[in-house]
Each structure stands twice: as structure tokens, then as C-alpha cells.
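Next come two complexes, and both contain subunit A; in the first it sits with subunit B, in the second with subunit C.
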Partner chain A sequence: MDIEIARKQLFDRILNGDRQGAVSLLDQWAERRHWRNTITELLEPVLDEIGRCWSAEKISLAAGYLAGRIAEDILLKAAGAEEAVPVSKGPVVIGNVEDDYHSLGRKLVGIFLRTAGWRVVDLGNDVLAGDFVDAAVASAAPVIGVSAMMLTTAENIRKVREELDRRGLSGRIKLAVGGAVFRIRPELVAEVGGDGTVASAVDAPRLMAELTGGGIWA
Partner chain B sequence: MKPLTVVCCSVLRREMGRILEEDLPGAEAVFLDSMLHMHPEELRRAIDAVLAARTDRRILLVYGDCHARMAETCRQPRRARTAAVNCGELLLGRERYRECRNGRAFLFLPEWTQRWREVFVRELGFTDRSLAREFMQENQRRLAYLDTGLIPVPEPVLAEIADYFGMPVEIVAVTLVNLRQAVRDAARRLEAEGEDGD
Partner chain C sequence: MTSFERVLGALAGTPQPRPPFTLTLSLFGARLTGCPLQEYYRRPDRYAEGQAAVVDLCGPDILFAPFALSLEAEAFGSDLIFLPDYPPNVRKPSVRSADGFIALPLPDVDSHPSLAYLRESVRLLAAEHAGRIPVCAIVTASVDLPAMVMGIDQWLETLLSDPDLASRTLEHAERHFVALANALLDDGASFIALPIMFSNPQVLFPRMITEVILPALARSFSQVRGPIVFHHGGNPMLPLLREYLGLPNVAGYAVDHRDSLGDARRLLGSDRLLLGNLSGPTLSRMPIDSALETVDRILEDCRDDRRFIFATSGADIPISTPPELLRAVAGRIASFPGSP
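Moving on, here comes the complex of A and B:
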């Protein structure tokens, strides 16, 4: 099957909620091309397209969620396959900022980062600034990724920047920010002290790579 | 003092109807469709349109941080908003709301409960029950119906929801005390502005 046709089929199956069909297509591709190639030449381009559609609000939350689940399914299969030794990147620390409980975006970020080979330390919801920085120091993470959905909670990201400044870690530990409010108000990234953002969870690996100059340590 | 308009999400129509009747009987009430919550930019435009048509009135917004520019919307003279992140916090108060969310409870308000299929199937695209279950069970530990006591608990609808998501829906009784206080506080801020804001 031609790669473009396979990508189109995978995209359609995800949008139609056909998880089994999507995974089956990836399985078939992996039989011929191995898992690593399947991820890079088939899954990732389709996820990129889904990310673009999601940012433009052209696909539903359910489709975005399903894409994440499929990516996770494939990641598990690839991790179990001997030929698919993942590139070691990271670690990165992620979490929802203090008072923020909208966990879906953060979880999808975690899935897509892991799919791209990053080691992820996920602190969950309602994380205090000091806890983010403590975790980054403890795990030697060069990036903290903070998620906030609303303006009120995005304002709490300033506390993470202030904590990094207070400990003299700004510059050494980058602050990635994300969430619905940043799509609508991109100027907010700088206002809360963020070093960068992306419009969708699918793009998170690209942002981490940019912030770390590639992010490959192993 | 200029006349007062209360702009409110329809998710609190019954509850605010009661409070307006008792606390602010002379106020004009405008309720906007709660489904706008799913489209924050449309919500912003809808609120802005209501406000643009009422520049000669004081405005009390009964909303949370429901669109990305709500702060700017409310920063204008003769405008005040209830202090809460969302309608769940308006009803529960800050501490109880935090407890619920830290306990990973998804909150169903009475109006949205009746419209749950619109929210989850039409708006969010969860047409597949197994995916809906996976999504809800992964992200929440509890489903909680906030019973404000103004309508009978819709047991058959709650049973449908429980069946769809494969999780029981517990009933949490709430009074209107927190919502009423938030409205009173916002009204006081408007009054404190006095005619200076005119």
C-alpha cells in the first residue's frame, strides 16, 4: 500500500472512532516496515495532521482523545518489539498548574512525548510552583511543561517562573506552557514567563526539542 | 444609579431566577445558552453583543472564567463579575469545589444533566460508548450531580448517564448560599463604584 493512502486511511479511521481498524492498519504496516518506521513515517504524520485539525477546532475532543489512545497502544507495542529501541530523550516534568484540574491536555502531552521517546515525569493536577521545580531538579529535567486551561489558572504559572528565578534556575530549566487559553491569547506566554508553547498536544515533542536543542542525551 | 442587567449562563437559570426574585427584583435578566461554554469565542461574542446593546446600564455577569478575555470584559466601568472560576465553584464555594476536583469528581449541574447527550455526544463527539467510558473513567473517579433542590432529582437521566459512562452518579446536595453570596459581592462592587463609573 502506498504511504499516502495508508496515512489517509489511518486519519479517517481515527476520525471515525475506529480504534481497532487504526491499530490493525499500523500492525500491518509494522509487519513490513518495523515499528520505528511505522511510527515515524505513518503514525507521526497523521498525528501532526490531527494536531493541526484540533488546533483549528475541526475535529472533536473524542477524536483527539482517540488519537492519543492509539498512539499509546502503538507505543506499548513498539516498546515490546526488540527492534524498536526508543531514543532516550528527556526527562521532562509536566503537570497542571495550581488550581487547574483540566487533565486531558496534559495527559495527551505525556502520551505524545512518550511516543516520541521522551521520559515523562507527570505530577498530575493542581501542582504548586515549588513542587514543579523540586521535581525538575530531582530528575535533572531541562524542561518543565505547565498546563492551564483558563486565564485565572494561567496566571499561577508566574509563580513557577518566580520560583525558577528565585533558585537561579531560569535558563537552565526551560518553562513550556500550554492549554486552551494560550491558543486564544498567545501574548500570555510571555506575560506568565513561558519560554514557549505549541497549539496542540501533538506538537509537544517539537517544542521540547526546540527548548532543549534536540533533547537527545542517550 | 443606572439600571442593572444581570447576564448569566443558562446553566444557572433556575437558581439565578430564585436569587433575582429575592435579592434583585428590579434587575433585567439575560440568560445565554449554556452550550456556548463549549465554544468560548462564541460565548465571548455573545456576551459582548449583550453588553454593547446595554451601554447605559450597570452589568453584573454571573459567569466564571469562561472565555479567555473575561477579565478584560469585566474590567470596564459599571461591570462586575461573580468571583469564581466556573459555575461549579459558584455553587459549591471555593473549598468544597477544590475538594471535589481534587477527588476527581466530574460535576453535573441540573441544566447540563438534562442536556448531557448534547454535551458529550454532539459537542465532544463521544458517539462510541466504550470510548466515552474509557475517557471518563481515566480522567474522573466520581460523577456528582449537584442537587440545588429546585427541581426533582432526575433519577432516570442520572441512570442513563451512569449507564453510558459505567460509573455511578452520586447526588450532592447544595444550597444557593454560595451563589447568592457571590452575586451579592459583585452587586456590592457595582454599588461601590456609584455614579463614578457613569
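Moving on, here comes the complex of A and C:
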């Protein structure tokens, strides 16, 4: 099958909620081309397209979620076949800010970063500002990615910026922010001290690359 | 003519001296009375005072019971967070799986404090404004409740991966929805409104909406002993509006500010109530002139529509919105000639 046709089929299956069909297509491709090639030549371009559509609000939240779960399945299969995606970038520290338990966006960001070869330190939900910075220092991460779904919890991101300032790390460690509230109120990114954001989790690798000046780190 | 008669007139499609209107000022009553929100969303008497102040400010034709869906999640054990300028929100879901949700006992609509607050607020509003202003109670749709109690990711995962478990989850949520909706109607609510997220193609696959979500809504709506307003839930509603028309007991459809009212009317036909579509959440950042321009455009678009109720779309109007802007909006609608 031609690669362009395969990409179109994969895209359509994800958009139609056909998880089994999408995974089956990727499995078939991997039989011929191995997992690593399947990820780079088939899965990643489709994820890029899904990211563009998601940012433009042309696809559903469910499609974005499904794309993430499929990517996660494929990463596990690749790792099982000893063809894991080489970890060549990062690390980045991610987590939901203090008092925020809405983990969907953060989990998807982690999946899409790993798919693109980033090492991810995921701190989970309800992470205190000091814990974000401690983890970034301990892992030598140049970026902290903080997720908040609501305005009420997004305000807590200021504490991460203040902690970076207090330790003299602003500029050396960048602060990426994301979550539903930033789509509704883009001006909030600067207000809480963020260095950047993207409209969808699929675009997280691009943001991290921009914030790290190209993304090749470790 | 009372507000009640005006709204009934819109339902019947009879000519109106002026179009009926409402603004989503559930939260705003707290500003008008200077009531701290932790008190406002816990004490029905303080809520009713706030709504009386809303009536004094702008005289809407429909009053809202508390727009605080998170209180239902609290009744299922979720933690809430209160902040100075917003309705309470879910801080932490109470369970992290559909099995966990199904295992939760249904909260007693007669005795659980969070639900008792909602019910007593409706009773007070209905008693105070009886026969003059209809009261709308706002309830979480059965298809959205699991997301509030277990988290959006867990509910999506269940819907996408385990149809049988999703079905049992919906049945559990439906029992709560029907009990609460009917209790609020018994308490004096004239109708109930449901902002519905999981029926929207921005959230879920259209096939899943038609095969799973709409049948679940139909089941629950058919058990409600009163009229329902289907609210867009924060996303444009027109892409699947036609699919929603078969749902039982739905008297009206409240569309998003990005939806075309003309297209909505064409899809709805002439017999159904249409509500909208001034963006409520962005009013606080709009200069009065541009807000009034938008009001004028909406009124002109619906000049000949006898079954149109001017309303704000989206969530509550922010507490920081200048009261004089709201008064100006209400005044502009009140001075507009009604449908022929």
C-alpha cells in the first residue's frame, strides 16, 4: 500500500473512532517496515495532521484522545519488539498544577512527547510549585510543562514562575503552559508567567522544540 | 403582561409586545447583594436575595436557580473548590473509574445537603415570583455526569473501549438525573435546562452520539415530568441540531453565540422555541456600545420570530461585568418592538 493512502486511512479511522482498525493498519505496516519506521513515516505525520485539525477545532476531543491512546499502544508494541523510539530529546518535566486533577491533557502531552522521542518526567496531578522546580533541577530538564484546566487553578501557575525567579532559574528553565482555559483566554499565558503554549496536546513536541531552541538536548 | 405570560406566549407562538429575554445572572446576584460565594452557594435564602436583586437590576423574564452543576458532583463525593469570583468547581473527582462511579450510592435528592440547597433555592424563587417570573432549574445531563464524577478522561475511555460498562454507567447517571429533575419541577421550577457537552461533535464522535448518547438522553428525558431546554453546553450546536429534534419533552434549544440564529430556526422548524445567542461569558470585556450592537443584530435577525427568547449563551455572566451594561442590554431589548 502506498504511504499516502495508508496515512489517509489511518487519519480517517482515528477520526471515525475506529481504534481497532487504526491499530490493525499500524500492525500491518509494522510487519513490512518494522515499528520504528511505522512510527516515523506513518504515525507521526498523521499525528501532525490531527494536531493541526485539533488546533483549528475541526476534530473532536475524542479523536484527539483516541490518537493519544493509539500512539501509546504503538509505543508499547515498539518497546516490546525492542524497537523503542530512541529517546533523543529532553528531558521535560510535566504535571498538573497545584489543586488541578484534570489529567486528560497532561497525559496526552506525555504520550505525544514520548512518541516524538522526548524523555518525560511526569509528576502527575496536584503538583506544588517547588516540586516542579526540584524535579527540573534534579533531571536537568530545560522545560517545565504545567497543565491547568480551569482559570481557578491556572492562577497557581504563577507560583511556579515565582519559584523559578526566586531560585534564579528563569531563562534557564522555560515554563510551558497548557489546558482548556488557555484556549479560551490566550492572554493568560503571559499573565501567569508562561513562556509559551500550544492549542493541542499533539503540538506539544513542537512547543518543546521551540522553547529549547531545537529540541536536541540530552 | 407578566414575564410568565410573555414566556408562555413565546411557547405558543403568539404575538408579543416585546421579545421575552433572560440573562444568565445566577452568579451575578452575589455581586448585587455583596454575598460571599461560599455563603451564596450554601444558603438558599442568600441565593434568593441575589436573584431578587437581579430582578431589580434588569427584570429578566426567566430567573435561574443556582447554576452550579458541581454541587451534583459533590453529592457523589467529589471535592469542590470555592474561589472569590466563580461558581464552585470540581477540584477532585471522587472516583477514577466507571466501576467506581456505579458503586457509588445515588445521593438522596430529599436529604443530601448539596441537593437540598438546589431544591430549597428553587422553592424560594418559585414562591417569591409565583405566577410572575418562570424559574429555570439547571441540571447536569446524565451523559455528562460521569465526566464530572470520575473525570473526562475516564469517561471518554469507558465510552470508547467498553460499551457495556458505558451503558451501565449511563443507567446509573440517568436514575440520578430523573430523580433530581422531577424533584426540582415538583419544587416549582417551570422547566429545566441542561447544558450538554457529550452530545456535541466537538467532544465525541458523531456515530457514538447517535448510537449511544442520544438514546440515553431520550430514555432520561422521557421520564421528566416537565419541559426541558437543551443548552449547547459551550460548543456550537448546529452541526447535529437536526439529530436532537427527536428527543422527548424538549421545549426549546439554547444555541451557542457562534451559531447562526437563522440557520437554527430553519433546522428547528417553526414550532420549537429558540433561545440565544449573546455571549454571556465575554460580556465583562465588551464595551457597552459593541454589546448593544450585538443585541441589535440579534433582535433584528429574530424580528419576525414569535418563538424566540433573547438569552445569553454560554456559562454564567462574569461577576466583573458592569451592572450598567446589563441594564443597558435589558433596556434595549425592552424597547424593541415584538414580533408581528
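By our rule, the second predicted complex is superposed on the first by the 210 of 218 C-alpha atoms of A that agree within 3 Å, B and C clash if a C-alpha of one lies under 4 Å from a C-alpha of the other, contacts with A are read in each partner's own complex, and residues count from 1 in each chain.
One rule holds in what follows: a residue touches a chain if its C-beta (ideal position, glycine included) is under 8 Å from a C-beta of that chain, and two chains touch if they have at least 3 such contacts.
Since we're looking at a predicted model, the values are computed, not measured.
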Checklist entry - Is the arrangement of subunit B and subunit C around the shared subunit A a clash or a fit after superposition? => result clash
Checklist entry - Is A:199 in contact with subunit B, with subunit C, with both, or with neither (first, second, both, neither)? => result neither
Next on the checklist: Quick one: is A:181 in contact with subunit B, with subunit C, with both, or with neither? Answer first, second, both or neither.
Outcome noted: first
Next on the checklist: Per the contact definition in the header, classify A:81: touching subunit B only (first), subunit C only (second), both, or neither.
Outcome noted: neither
Checklist entry - After superposition on the shared chain, which partner residues are touched by A:17: those of subunit B (first), subunit C (second), both, or neither? => result both
Next on the checklist: Let me test your reading of the model: by the given contact rule, A:104 touches which partner, first (subunit B), second (subunit C), both or neither?
Outcome noted: both
Item to check | subunit B versus subunit C as contact partner of A:209, first or second or both or neither | outcome: neither
Item to check | Contacts of A:150 with subunit B and subunit C, given as first, second, both or neither | outcome: both
Next on the checklist: For A:63 in the superposed arrangement: first (subunit B), second (subunit C), both or neither?
Outcome noted: both
Next on the checklist: Given 23-31, 221-229, 239-247 or 293-301, which part of subunit C has C-alpha atoms clashing with subunit B after the fit on chain A?
Outcome noted: 23-31
Checklist entry - Considering each complex separately, which residues of subunit A are in contact with subunit B in the first and with subunit C in the second? => result 17, 19, 60-63, 65-66, 69, 99, 101, 103-104, 107, 126, 150-153
Checklist entry - subunit A touches which residues of subunit B in the complex? => result 40-41, 64-65, 67-71, 85, 98, 101-102, 104, 123-128, 131-132, 134-135, 138-139
Checklist entry - Where on subunit A is subunit C touching in the complex? => result 15-17, 19, 57, 60-63, 65-66, 69, 99, 101-104, 107, 126, 150-153
Checklist entry - Can you list the residues on subunit C that touch subunit A in the complex? => result 81, 83, 86, 89, 91-93, 151-153, 156-157, 159-161, 201-205, 207-208
Item to check | Interface residues, subunit A side, partner subunit B - complex | outcome: 17, 19, 59-63, 65-66, 69, 99, 101, 103-104, 107, 125-126, 150-153, 180-181, 184-185
